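Please read through the structure below; I'll follow up with questions.
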């Protein structure tokens, strides 16, 4: 195996690990500004994680190994996903490991085990969280697939690197396809649902009746909680870069030119800064919706993706 | 070579049939009977597996003619790649289940005669082998019904229970009606093949040789599809399945759901892609639609269940649907002369056949283990078994992950391949298909996600949390043979998940023989590590990398975090400051599936009522609250009840004919004569 | 001269038994007689198998592939029935349902009945055929009323009157046949010989023959038990002693159908149309449907299985009517396997109803636990009768159905409906009887194993491996009936 | 005598047979029935004899004698004896009213005539027209069995049918082979004994010979 791509891979993974909390911090910061509050520093997430790592673990009395190992599995699956999505460069040894569909499935593993962990402690909350989480996921899945389908229509491929490459190599018209626009909108809505942001879920709340993701991990503490939180941030980051790779791949280094990396980094920072702002705008603009409204939300996403697909066949 | 694969297969069938002589020898010592007979069964299954693997590997086609049957229509045997594959699938699961049964059937000794179970078990497997080996209509149907009858007796095994009787009866009736439909379809084809001059038309070879006019071929196809659908439990012919699987002994449910349903898949492939070969695209569309409906409805019904085995049974409906999706796709592509994509879809379908056999077998064995340990099928009573039965828990979990189509296990690979086939649908010439196919893909995605939800529920409610039941039985881990059987199945699930390229390379003789193309050439281009169905830049997946990747990260992180020993304290769960959190407050199966029930409620026939018994001082705080929920299959009210009522109504009317007065009877003869005479003139 | 033995032995046995009466060893004599008959039957079969069809007693007797297997079947089933009735009738005697005269009468008439059927099968003269058929009816009428209960007498009376009327029509048909034949063959016995008729059937007057066939159809159809002429059949079967039900279902119906088919061959030869065939198909399909739906509402076990006999006779009639090599082959096979399976079912039914002292199916339970032979026997018998492989009936129905699709596709839905309903109806009742715990009132008793085992074994064997000689005969018969 | 007069006589007898048949159809009194039956048998045997003489089929004499013995003497005697034994002298009523029955009877005659018309054309026998009468008799016998509800009358109807058949067998065709006719006669004899036994059984179990009571075995509720 060539040395360069391997290096790229490692860099990318490190970047992921390092930048995910930063991005989370940035989002939080922008949010505070938008709500006119003084924000914690950008580095606050690092501090939280560090603090959690240093704490002891308290397990519920009948928690089984599932509960204990879920954080590692979640973390592992998310990190592996990070090795597949082209963040800096399309030329990654791992990129062939999974196409978009398999990538989504990687997140599904994480979700599956989180949900199990929620059931493991045997409280009402855990079960409630798992049940709701799985429901939302099941509704998000078809929309996601439809979006992927539409993406792949343009670039005859479902492997992210190739999608990105296809868009990079083609002229600007490719990016302006109506189908891709629809698909992108759908993707954003799905990403919001998957990463548990407002209006679907509110990561900041611990209000019993509204929380979903938090309900599942309610019993976690210490390093377990740290891993889960970290993985969550990585997931958010990855969805952002997934969108970036699939719809705005500009700046991502093509195959084998090391030189493009710094440029790619700069692009990345700009993209994510903007992404954060957009995310905050959405979150502050919308209110957390009632649970059974999520159906409509995700239905809309599915509709958009389908429209994109139709648009491809009809308009392009 | 002394032995040919067909000899091996026949030998194994013979061994199974001979059990009927062997078992009675140990009537006195039932334990010995169980050990010996099931060990023999395991050995015989391995023979079949060997024959199957061998055949598929070389893509050979072997024929033989027995002396049995009608002198003009002796039984024909044929072992080609397709038969070989199903032989392997059935044999493999039969092997695991036989090992498992050694332990499982022990539980019956002393309670009820075991001999019946042993004998019909062997007949059942023999019947399935014969079905895939048969090469003429007569022998096929004989084996088909033989299999059905054997499994009927197995469902009837605990024959004093009303539910068993009901289920068995329903099962047999539907199976038989299906069989008659298949018979008719063979009749049509045989008739066209030789115009009934003699018996030669009944051999599949004669049917293969002849070209059918499209309207007759359509009739034949729909008859046989109906028949096989009845066996495969495709909606709306699925109703027998959730009745029969739960009440049968678990090793039997494992076989029935794991492989018996697959014989129907075999039949569909055999009739469409092998015998009829040329057909309009909308046949494939029909199969596809039925597949989609069964898949999504199956999983939704499964979500509503709280009987563990019933839940699994409905998942069989779902997975059969997924298999049919693959086959339907390949039929569509085939009819448009796109052999490569057809091969991809067919591979996906067949691959999923093998996968489903493995993980569904594993899951039913697991359910059997639970049943064996707790004597409880109702999940609402269970919980926390992971502490009491750690082995079973792990193995069952593997099954759950596989069936939920999560990498790196096998379920994901086949579904992923199906998705790839879907993604290639834009290349179809028919525009309507172009627009509709993606919807199908979306439905498949929904199915997969719901399945995951359902198995979070199944595993979570059964094994996690705390025991919900009022009485606390003495639960212990099951015996070793059962564990070993499950372990082997689980290992197969993993291997099929992480080494897809090898498997596809092995089975590529099937698409070669049936659709005249193969994907293994392209699938293996990147080397065995990467699965690239069509082209590497199109899509790729590497199960083993996912597996090792996750494993590596988990290991690394775990070690990193445990360099300095961090103490783990056990503490009470947070009860929101409201004391005495009881087991009954946990989420259970019903509450877990509530959101989905709410969303898809209109698909079921739901009766739900809440009554606040014993009002206390304040109406907001009732002392107790009774919640009653009944979720019914709509198929009953819409299809089966009307049919039953109609036939009873008719029989009442017919009964009027015979009302006892002899004069009336004489009038009948009188009128008959007059009418006939008039008819003559 | 096996042929003569075949006829003489039963007659002789009848006389002997009439004198022996209710002695202890009467059943054994009965068995011995039937056994001798059976040996004669085998001898005859071998004879015919080696030397081909034969005419005897200056053309009075005629044996060819068609009737030889029926003769062999008849001799076999009568033997097994005799074996079965030994234990069974003894039981009845102990229960006091039959008196001393009853026993005498039973044995004598049983043998007379067998004789009548052999006469039917072996004679070459269609007039004698008719006489023998009437004799068979008359000899069984009083057996049906053996128990002297009101219902039994009613059943016998209906049997007597309806079959009498029917058979009278058949005689009229025969007369018409003669009327047509004597112009061609000259008056006298020659004109009634089947062999002559079939040879010169081409010259016979079609209009008369088609007229004759109507009467023959109604006449023999009544004995075959075709709807709407069937009403005597369930009553007679359910009220008579079980061995008689067994031979009625297993043999008499076959013989009647045999007579009908012989006549059809002549008529076809003359008319050269499918007219006779159509009539038979019509009767067949109606019988199947009506019987199937009547099956659904049965409570009495023997009644239910007699309806299933109607259904199966309908199938065979339909197949003969359909014609064509495969359908006819199937029909011949069907006659064989149905009679074996049905009589063995009646054996088990007899034991079951004796064990419970009732024929009400809701009261019969737990047979497998109570008496495995009876339980499994009934289970497998039912499976065979509804056409589950690997039993022979499946093979015949397979051939018939597939042939139907080709020649009369429009009939298949009805055929299918009938078969499906019959299947469900029979299993709905049989399953609860064989399954479950033993009820308190069930008495264990000694049962006759041999008949059931033999019959089921043969039905199974035929399903899996058809003997060469049978196959050859069937093919020959197909040629004859073409 | 020449062929024409024979034909005349035979046709006349045939007419008488038919007449008696109608008579039985409407005769209410049981004795009257038996007498009519005897008369019918007489006509039958006479015509048989004449046919035998005219056509020179001498075995027909035997059958005519048989008929005489059986249908004119023995059966009526048995019936009488039974009626005495079972003490049933009272007059018995028909189910369907007389005119209607008559009309149906007429219709049957017409029907059987039209039915046998083609056969008549083909036949060369002088007695060919008998066939229609015979068929009519058979049908009327059946009709009688349908309309009557008394066991004895049903049996008489049955025997009347038998007469019609015999008529066809002997007269319409110049006689069936003897063996057949003997067989038929024997069967009728056995039948006679059997219904004799039956009368006793029925009478003892249902203490009347009304067949209406025998309607327990049925399907429809």
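By letter and in written order, the chains are A, B, C and D; residue numbering begins at 1 in each of them.
Simple rule for what comes next: a residue touches a chain if its C-beta (ideal position, glycine included) is under 8 Å from a C-beta of that chain, and two chains touch if they have at least 3 such contacts.
Just so it is clear, the model here is predicted, and its values are computed rather than measured.
Participant: Would you mind checking which pair of chains has the most C-beta pairs in contact?
Facilitator: Comparing chain pairs, contacts are most numerous for A-B.
Participant: What is the distance, in whole Å, between the centres of chain A and chain C, each centre taken as the mean of its C-alpha atoms?
Facilitator: Taking the average C-alpha coordinate of chain A and of chain C, the gap between them is 78 Å.
Participant: From the mean C-alpha coordinate of chain A to that of chain D, what's the distance rounded to whole Å?
Facilitator: Taking the mean C-alpha position of each chain, the two centres sit 101 Å apart.
Participant: For chain A and chain B, what's the span in angstrom between their mean Cα positions?
Facilitator: 36
Participant: For chain B and chain D, let me know how many angstrom lie between their CA-based centres, rounded off.
Facilitator: Here the centre of chain D sits 70 Å away from the centre of chain B.
Participant: Residues of chain A that contact two or more other chains, please.
Facilitator: none
Participant: Residue numbers in chain D touching 2 or more other chains?
Facilitator: 115, 142, 145, 154, 211, 214-217, 219
Participant: Mind pulling the chain C residues that touch 2 or more other chains?
Facilitator: If we look for residues of chain C contacting two or more partner chains, we find 157-158, 161, 165, 169, 211, 234, 294, 297.
Participant: Can you identify all of the chain pairs that touch?
Facilitator: By the stated definition, chains touch in these pairs: A-B, B-C, B-D, C-D.
Participant: Would you pull the chain D residues touching chain B in the complex into a rising list?
Facilitator: 95, 111, 114-115, 139, 142-143, 145-147, 149, 154, 211-212, 214-221
Participant: Tell me, which parts of chain B touch chain A in their complex?
Facilitator: That would be residues 383-384, 386-387, 393, 397, 401, 404-407, 412, 416, 419-420, 422-423, 426, 431, 434-435, 438-439, 441-446, 448-450, 452-453, 456-457, 459-461, 464-466, 526, 530, 532, 536-542, 545-546, 549-554, 557-558, 561, 566-576, 581, 583, 585-588, 591-596, 598-599 of chain B.
Participant: Within their complex, state which residues of chain B touch chain C.
Facilitator: 67-72, 137-138, 141-146, 148-149, 156, 159-160, 165, 168-169, 172-173, 176-177, 180-181, 183-184, 186-188, 190-191, 195-199, 202, 647-648, 650-655, 657-658, 662, 665-666, 668-669, 672-673, 676-677, 679-680
Participant: Where on chain C is chain B touching in the complex?
Facilitator: Where chain C meets chain B, its residues are 157-158, 161-162, 165-166, 169, 210-211, 214-215, 217-218, 222, 227-229, 231-232, 234, 279, 290, 293-297, 324-326, 368, 383, 386, 388-390, 394-395, 398, 401-407, 412, 416, 419-421, 423-424, 427-428, 431-432, 435-437, 463-466, 468, 471.
Participant: Under the definition above, what is the set of chain B residues touching chain D in their complex?
Facilitator: 652, 654-663, 666-667, 669-670, 673-674, 677, 681
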